[in-house]
Each structure stands twice: as structure tokens, then as C-alpha cells.
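Okay, so chain A shows up in both of these, paired with chain B first and chain C after.
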Partner chain A sequence: MSESSGKSRWGERVLNGYVFLMTLVLAFPLLVVGLISFDTAEYINFPPSGFSLKWYRSVVENPTFMLSLGNSLIVALASTACALLIGVPASLVIARGRFPGRDLLYALCLSSLTVPWIVYGVSLLFLWAVLGFNLSIMTLIFGHTVIGTPYVLRTSVAVLADMPPVYEHAARSLGASPLRAFWTVTLPLMAVGIRAGAAFAFIVSIVNIPISLFVTTAENITMPVAVFNYMQYNFDPSVAAFSIIQMIIIAFFIVFAVRAARSGGVS
Partner chain B sequence: MRKSYGTTLAVEHIDLDIAKGEFVSLLGPSGCGKSTTLMMVAGFEVPTAGEIHIRDRRVDALPPEKRRIGMMFQSYALFPHMNVTANVEYGLRMRGVPKAERGPRVQRALDLVHMQGFADRAPRQLSGGQQQRVALARALVTEPDILLLDEPFSALDRKLREELQREVRDLQRKLGITTIFVTHDQEEALLMSDRVAVMNEGRVEQCTRPQNLYGAPATSFVAKFIGRGSFVDGTVRERSATQSLIDTAIGQATITRPQEAAPGAQVRIFFRPEHARLVESTAAAEPGLSFPATLRSLYFQGATTMAEMKVEVSEEPIVVDLSERSQLHTPAEGDRFTIHVPATRIHVFPAMGE
Partner chain C sequence: MNTMLAAPITTLMVIGYVLPSLLMLSISLGGAIGSWPFAATLSFGKYIEVFSSSYTWRVLVFTLIVSVAVAVVNALLAYPMALYLARSRSKWTGTVFLIAFTPLAVGMNMMTMGWLIMLGKNGVINYALQALSLTSGPVPLVYGLIAVVIGLAHISFTFMLLPIESVLRSIDPAIERASRSLGAPPWRTFLTITLPLSFEGVAAGMLIVFMQSCGAFVIPLLLGGSSTVMLPVAIWEQMTVANDRAAGAALATVLAVIALFILAIQLRYFNPRRSTQ
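After this line comes the complex of A and B, so read on.
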């Protein structure tokens, strides 16, 4: 008895050490960015040589950065909404439908995950040129919707696959039309998957460079592209400060979205 | 009514008339088409051909929500994101019952199933039996024309199952609600039903009162599926208006039950364990079937004791109920007996099929 519990305590210690190490590996780069953003030096270097908030002020005073921040939020929110509007109904068709070619359709819907984004970005640029569309925030939202939708689809299909159709049958037998059964029963039960998918879609949009790079103009520039452009000519810690701001925004929206979905999911 | 998936026939032919207030079971092994039949009545499967009527209303073109059904499922299927009240209220809400009327009706439904104290609980806080009670209240609260039960007791343990079976049956009688019950458990089908339809390979083999099903099986499948018994192959030798003579490997059987096989036809005769008696002498006074056999093994089952008897010409054992004999003396394995089955207790089925 005592030997086995001693062993398990030892195992627990190893596991804790491992978790600590992994956390450090994952968080360390972030820590470096954080430290640099408060530096007093004019160039990015490590370890930092002092503490100041001047780079945060320079971010706020940089019109391109502030414009890109607004754009990124609009694009990320709009493309996430579109991804949900397309991905959730599509997941019902794929998870509940019985028709030939269903697996193929599912694979096709997920295929944009396998195309390198930079290739996809170039293709989009040509597509809009051929169709005669001017690049705008709409074309950007379209591009981000295409990469966000597979995440929503994937997580929604996963929950539906685990959820027996018996709940929908029960709702229908009790007088609910297909739409009401979906709205009152299926959708709340899918909330976990939808939430996860929405979070992914939001993140892949807000951090995306490869697609945005090709289809943005000076007016609809996004945060990562602004950072990318800035760093081609400057090497000061304001990009670190801007990255920290971006990270806080993402964290805020994810937590907010999760809360909202959770309270909406329980009626 | 018919249902096929591509070339696979799931339900070949079903023709059932269920009276108002009747409790009818669809009983059969898995894959016999009983669940598909229920799903067609509920509206989740579309029949390939045929019609479904509920209370003079043709419903086979209607979606499930318009059929005025109540349903119970094996997995309870209570909505996990709603509490007990919201679950029971759901059907009333979907059918547009005014809010003021819903409260009392939910209350009454919960009273019926003795769950009044659990109104605010979440389904996951309830035991399986309690969840199934709430599911019953939810199915009944809308006062459906027909109640459909899809193996609702098979996930419960034995004691709880028996308790709920009795409760559902009592409630069904009290409310007089027409009920279709799908199950693979013959005991609960016999226990609960006014009539049982035994299904096999997409067809109804027999649909009758439970007593008839056991006492007068129409096909060898029903005989084998309901209760226990032994089959012996034979050939019809003679048939008159009152009796038939059938030659079997273990002797000639006299049969007084009406049967359709003409002389020369290959048949299988069948009898129940409780109708096979062990007798001491080979000279049987009554007509029927008598044959010698050796006791191979005894199975004590509480109220009954079954014996597997070995006959010389066949590998297949003959099952005999020893319950009544056990007071005289306890037979031992290896003992030799003569078994007698009265002529009125022998059933005859065609040899073909099953």
C-alpha cells in the first residue's frame, strides 16, 4: 500500500514538473515579447535595459496601427459570424444527412485547411482581379470566412456526431417543427462545439498574415500586416507593444464569447 | 405498409389494426423491423408503400410534429439543458398552449408519475428510473392520440424495470391511451400487452393475446421465440377430421390439435417443457407421444426445475419441466425415463423455414 502510494506521489511529481516545463516552453516567447514592449531602448534587444510605457504611447499615436486595429476587429468579427452562418447549418447536413458523396463533400469543405494560406492569398488576388472586384474590407472578410469556416464545421460536426438524433426526435414528437427543434434543442446542445469553432475562426482571422497580405490595401490593412509592414523599415519595441495589445484583445474576445455562449446555451 | 432501403427490405409487410386504448407490443429479435415500424408510425421514417392512420386521420404524409404522438425512448432523451419542468412543458410550448394553462398541466403530469418533488432538477441529477418517469410525463402531457414506446425499460436494472413496467401499464389503462410498445424482451411484452405482434424478418408472424401466443403459436418461429420447448422432425402418416398421426424418429405421435399438413408432408412437432411428463412405464394410456430418454442435466431455477433429456436418435435435447415431480423423488443425472406428451399439447409446423 505505502509503496504504491509512494510511487504514485513520485509519478505525480514528475508529471507536475513536466507540466511546469511545458508551460514555460509555451509561455517563454510571450514573456520575452512582454518584457521587450516595456523597454526604454530604441531597438529590440534582450534583456531589456529599462522600463517605460513609451512604446505603448507610440502605438496609440501611430494612425496606421490604430486603423489596422479597428479593421482587424471588424474583419475578425464579421468573418467569424459568416463562418458560423455557413459552418453550423453545413455541419447539420454533413452530420445528419444521408446521401451519397457526403464524405467527399465534408472533405471538400475542410480542404481549405490543407492549402497553404499564402497560395490561397495569391489565388484570391487573381480571382478578384478576374472578376473585376476592387479589393475592399468585404473581399478581406470573404477570404477570412473561407479559412474560418472549416474550424466551425469541424467542431460542430464533432459535437453532432456524439449527440444522438434522439433529442431531435423527442422534440419533433412533442410538436416542434424542424426549425424549432433545431433552435430550442439542437443548437443549445451544440453550443460547446460552436463556441470552440467560433474561437478558432476568430483567432485564425485576427492573426492571419498570408491571406491579408495579398488582399489588403492601405485603407483596410489589418494588425498583423501593419506589424509586418512596419518591421520592414523599423526595428523598435513598438511592434512588441502592439503585439501585446493584440493578444489582450484576442484573450478578451475569447473569454467574452465563451461567457456569452455559455449563458445563452443554458435557457 | 412496407419499407425498403435500396434493395434491403427492412419491413416487408405489416398490417395491424390497433383498437383505441389498446396496448400492442411489437416483439422480435434485433433487425426484425420492429423499430423501423415504430419510426414509420412516428414519422421519422417514410414508408416505401402503404398507409398509416391514427384515429381516422391518415398520417403517413404528415411530419412527426403533426401526428399527435407521445414517445418514450430507450435513452430517456430528456433535454439535458432544461430542468424537469421545462422538459415536460416543452410539448405544450411547441403546441402553443397558453402559459397560464401550462403550469397546472405540467404539475398534473408530474403528479401522475410521482415526480412532483423534482420539478427544478436537471436531468443529470436524476436516476435512470426517475428520468424515464419524467420522460413519460413529458410524452403524456400533450394528451397524444397514441403513445409510442421504444424499448423504454431496457436501460434500467431488473427491479426498477418491473416497477416501471407496472406503473406504465397501470397509467396506460387508467388514461385509456392507445399504445405501441417495441421490445425484444418477451417477458415484458407478455406482461404488459393486450396483444403482442411477434415480428421476424420484416413480417408479423402472429399477433394475438399473450396467452394465445404461448398456448397456440402460429408458426415455428413464434413457438421458438416465446417461452421454451422442443422440436422433433416427422412425416405426416394419416390425417382425419379429429386427429393426425405423425411418424418421428422417436415414435409415432397422435395429435388432436387441428393441423393443415397432408399425409406425406415433412413437419416439425413442438411441445412445451411443462406438457412433457416423466412416466415410469412405457405403456401410455393416453394418446400422444411417448418415448424413452436419459436425463442428461438438471437446471434448478427457483420455482422450476428444467431437465435436458437425451434421446437415442437425436443430438438435440428435449426439455422437460420437473417442478411437479420433484416432490416424489429427485431424479438424478443418468436416470432413464419414458416421456409422455398428451395429444392435445403437440403443435405441428411445416418443416420448411426456420
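After this line comes the complex of A and C, so read on.
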């Protein structure tokens, strides 16, 4: 018995060591991006030759980068808002309602999550060409709403599926209108699913390259597409600086979304 | 419940998903941009043209082989970590989870940049190899198969980790305790009880990772080279470099069919609703 538990402790140590190493492997490529973004050298080189903020300054002074940063924030926030406005009400009828085609609609939405983004990029380009729409920030927001909404739907339906409808029934039987019952009872209880869905919708928009690539123009270019275009021909630490800026924006939004949803859900 | 609440999402999915997919199919079958939904006479000419080129076959076979390889590599790499996350009571599990989630949130540019710095000629690994005097000059690691497989494995790692972790967590610990109390050593309990019970998670993860790799665009383009063109890169080449929209539509349809095939397997064998009923 003691031999067996000794072996098990040995196995546990090997496992812990492996996980430590693997965590380093996962984190290291991202850490070196942070390191290189402060480099003084003109090209990418390890180890860095000094410390400076000049690549961050070059990002701020690059008009394309700053335009794309603004566009990305507009597109991500607008498409996340649209995804919430469309996805959350739909989750109520899909989780609670009974209507013909319900399962088909839900299957259609979930199947769209499997289709690679580049297929959307190509097919949305055809859509705008056929409809005769000019590519604009609106067509971009539409495309990102299409990929973001199924995430909101899925997380909201998952929360509703675990939540017994008795709470809403209680509110209704105490005289609350359907809207009031939704607003004061269902919505706060759904907060965890909604904020997860909002975070997903925001992330898939702000990091998206394959869809945006086909439907952006010089004016409505987004942040990842600008960096992607730049990276195809240049390889200097400004891309590292820009990636770090993008990461901070994403982290900020996620923390903000979590905080807002939590305070809204508790009060 | 007012069914009208489903109207916006139905409209969105029909205009943004169903209609564009049909247009893509139509254009790949010889339809012009102006004549939709379908051309008067369907023509498989573009598919015949695309598939009579050996380049297309090379790209397709390469895409499938690399994606299988990434799925296998990731299953082996992620399993021990999933086991740790499902079982360990260490205070570090939260940190490990957080780092395992970073590939989903930082974007492809940062992942690409990170691995270019790691694997590049003046990168971290070449620096380490030369500092340890293991090689005299820089070793070519980037712009080839190795870099593409590493990059794809990293971007899809989370999708392998989570299904395995959730299956391992759902295994009743009493089964393993029973095996142990009957005298089986830990390794034998693992091989005969835990591992077989977790195969469903491994298979589910491998399907998702396979699909993620088949659909990856930025990693094979920027970390690879002309010898590592994968299907999404070929689609992009047709649409932008060759400016052949019908060929791009045909290849994109092929990729969509692969995706729907994988989805059908998922629904048939890993339907989450089925297991809860």
C-alpha cells in the first residue's frame, strides 16, 4: 500500500512538471511578443538589444493603425450589441417556446459555428456584389453580427436550459407583466450566459481576419487586417507593439463585461 | 412566449448565412454575379477545372494530413494537462486555465508573431541552440511544415483541452477507487479505467481541432511558405491573386462540405443532448 501511494506521488510529480512545462510553452510565445515590443532594434532579434517605447510611438503615429483601431472598436461594439439584441430574445423562444421549425432554426445557428470564417468571407463578398451594396462599415458590422449572434444564442440557451421556468411563473402569478418578469427575474438570472456570449461575440469580431479581409476597404479597415497586411511585407517590432495593444483592449473589455454583468446581476 | 422574438435571428441567418452560402454554390456552378440564385444551366466545369489541377489535390491532401497530424499531436499534448486540471486541487489550476484560454483571445497576429520570434533565424530557439553550442549557425525552423504544425497546434490547443477535461471531470471517482481497492496499481487503473472512459472527450476534441486546422488561414500563410499551402490559403489566392471568383467559390464550397461532414459526425456520435437524456 505504501509502495503504491509512493508511486502515485511520483506520478503526480511527473504530471505537475509536465503541466508546468506545457504552460510555459503556451505562454512563452506571447511573453516574447511583449518583450520584443519594447526592443530598440530595427528588426526582430532575440535577445532584445535595449528598452524603448519607440515601437509604441510608431503605432500611435501610423495613421492606418489608428484608423483601424477606431474601426475595430466600432465594429466590435456595434456587432456585439446587435448580437445581444438579436440573440438574447431568440434564446427565450428557442429554450422555452414551441413553434414549428424551432429545432431547425437552432441547428442552423449552431451549424454556422462550424463553418470556417474564410468561407463566410467569400460568400458575404458575393452577397454584397449580388445585392449591389458598397462595402462599408455597415456591411462589416453585419458580417460580424452573423458570426457573433450564434455564440450569444448558445450561451443564453445553455443558461435557460438549466434554469427552471418556475421563477418567471412566480413573477407572472404575482401580477408582473411578461416584460417586467423578463426584465426583473429572467434577465438577471441569465447574466452569466449573456456576459459569456457578449465576450465571445466581442472577441470573434475584434480578432477576426478571414471575414474582414474580404469585405474591408481602405477606409473601413480593421485592426487585425491592418496588422495582417503590414506583416505580409514587414517584420519589425511595431507589429509586436500593436498586438500588445490589441490584447490589452480585449482584456479590458472582458474584465469590463464581467464586472458590468456581475453588478447588474447581483443588484 | 411570443414567437416573433425569433424573427430577427431567422432574418439574420437567412440573409447572412443561408443566402450567401447558396450564392457561393451558385457561382461555383457557373452562375454569374448578376444571375442569381442559380444559373439556367448548372455547370460542373469549374469543379472539373479545379480538380484536374494537381495543385488542388496537393493542397487538399496536405490540408487533411496536416489537420490529422495536429489533432493527434494535440491529443497527446493536451491529455496530461486535462488530467491535471480535472483532478488537481492545486491553487495553480486557475492560472493554468487562464493561460490555456489565451490562444482564443489574443488573435492570430499575436500568435503568428510569437512563433516567428520563437522559431525565426534570430529567434529564441536558435539563440538557445547557439548559446548551448548545439549548432554553429541558425537552424531553419520557420516558413515550413514544422512551424505550421506548431502554430496550428497552439491555436487549437484549448479546443482539445476542454472536451477531455470535462469528460475526465464527469467520471465517477468511485469507479477508480474501486479499481484501486481491488489492488490495481495507479498506472493500471489509468490504462484500464480512466483512459477508455475518456476516449469520447479525446475523439470530440480531435474532431474540433481537425476542423479548426482545416479552416485556419493566417497561420499557414504567414508561418508557412509555398510548400505548405492549405485550403483556406488556396481560396484566398484564387479570390485575390488569380482573381478567379468561381474557382474560389468552388474551393470554399469544398471546405464548407468538409465542415458540414465533420458537424454531421459530431451530431451523430457526440450529441450533448443525447447524453443528458
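Points to keep in mind about this one:
Just so it is clear, the second predicted complex is superposed on the first by the 241 of 267 C-alpha atoms of A that agree within 3 Å, B and C clash if a C-alpha of one lies under 4 Å from a C-alpha of the other, contacts with A are read in each partner's own complex, and residues count from 1 in each chain.
By definition in this document, a residue touches a chain if its C-beta (ideal position, glycine included) is under 8 Å from a C-beta of that chain, and two chains touch if they have at least 3 such contacts.
Predicted model, so just to flag it, every value in this text is computed and none were measured.
Superposition of the two complexes onto chain A shows chain B and chain C fitting side by side, with no clash. Touch criterion met: A:Gly143 reaches chain C, while chain B stays clear of it. Looking at the shared chain after the overlay, A:Ser173 reaches chain B, while chain C stays out of its contact range.
When both complexes are overlaid on chain A, the residue A:Met66 reaches neither chain B nor chain C.
Shared-chain residue A:Ile249: touches no atom of chain B or chain C. For chain A, the partner with contacts to more residues, out of chain B and chain C, is C.
Using the contact criterion defined above for the overlaid structures, shared-chain residue A:Phe228 touches chain C, although it does not reach chain B. Taking every C-alpha atom of chain B against every C-alpha atom of chain C, the smallest gap after superposition is 11 Å. Residue ranges of chain A in contact with chain C, taken from their complex: 4, 7-8, 11, 15-16, 18-19, 22-23, 26-30, 32-33, 36, 43-47, 85-87, 89-90, 92-94, 96-97, 99, 102, 105, 108-109, 111-112, 114-120, 122-127, 129-130, 142-143, 145-146, 149, 153, 203, 206-207, 209-210, 213-214, 224, 227-228, 231-232, 235, 239-240, 242-244, 246-247, 250-251, 254.
The touching residues of chain B, when paired with chain A in their complex, are 42-44, 63-65, 69-71, 73, 75, 77-82, 86, 90-91, 94-95, 138-139, 142, 148. The touching residues of chain A, counted against chain B in their complex, run 164, 166-167, 169-178, 180-181, 184-185, 188-189, 265-267.
Residue ranges on chain C touching chain A, taken from their complex, read 1-3, 5-6, 8-10, 12-13, 15-21, 23-24, 27, 33-34, 36, 77, 80-81, 83-84, 88, 90, 95-96, 99-100, 102-118, 120, 122-124, 127, 154, 157, 180, 185-187, 211, 214-215, 217-218, 222, 232, 235-236, 239, 245, 248-249, 252, 255-256, 259-260, 262-263, 266.
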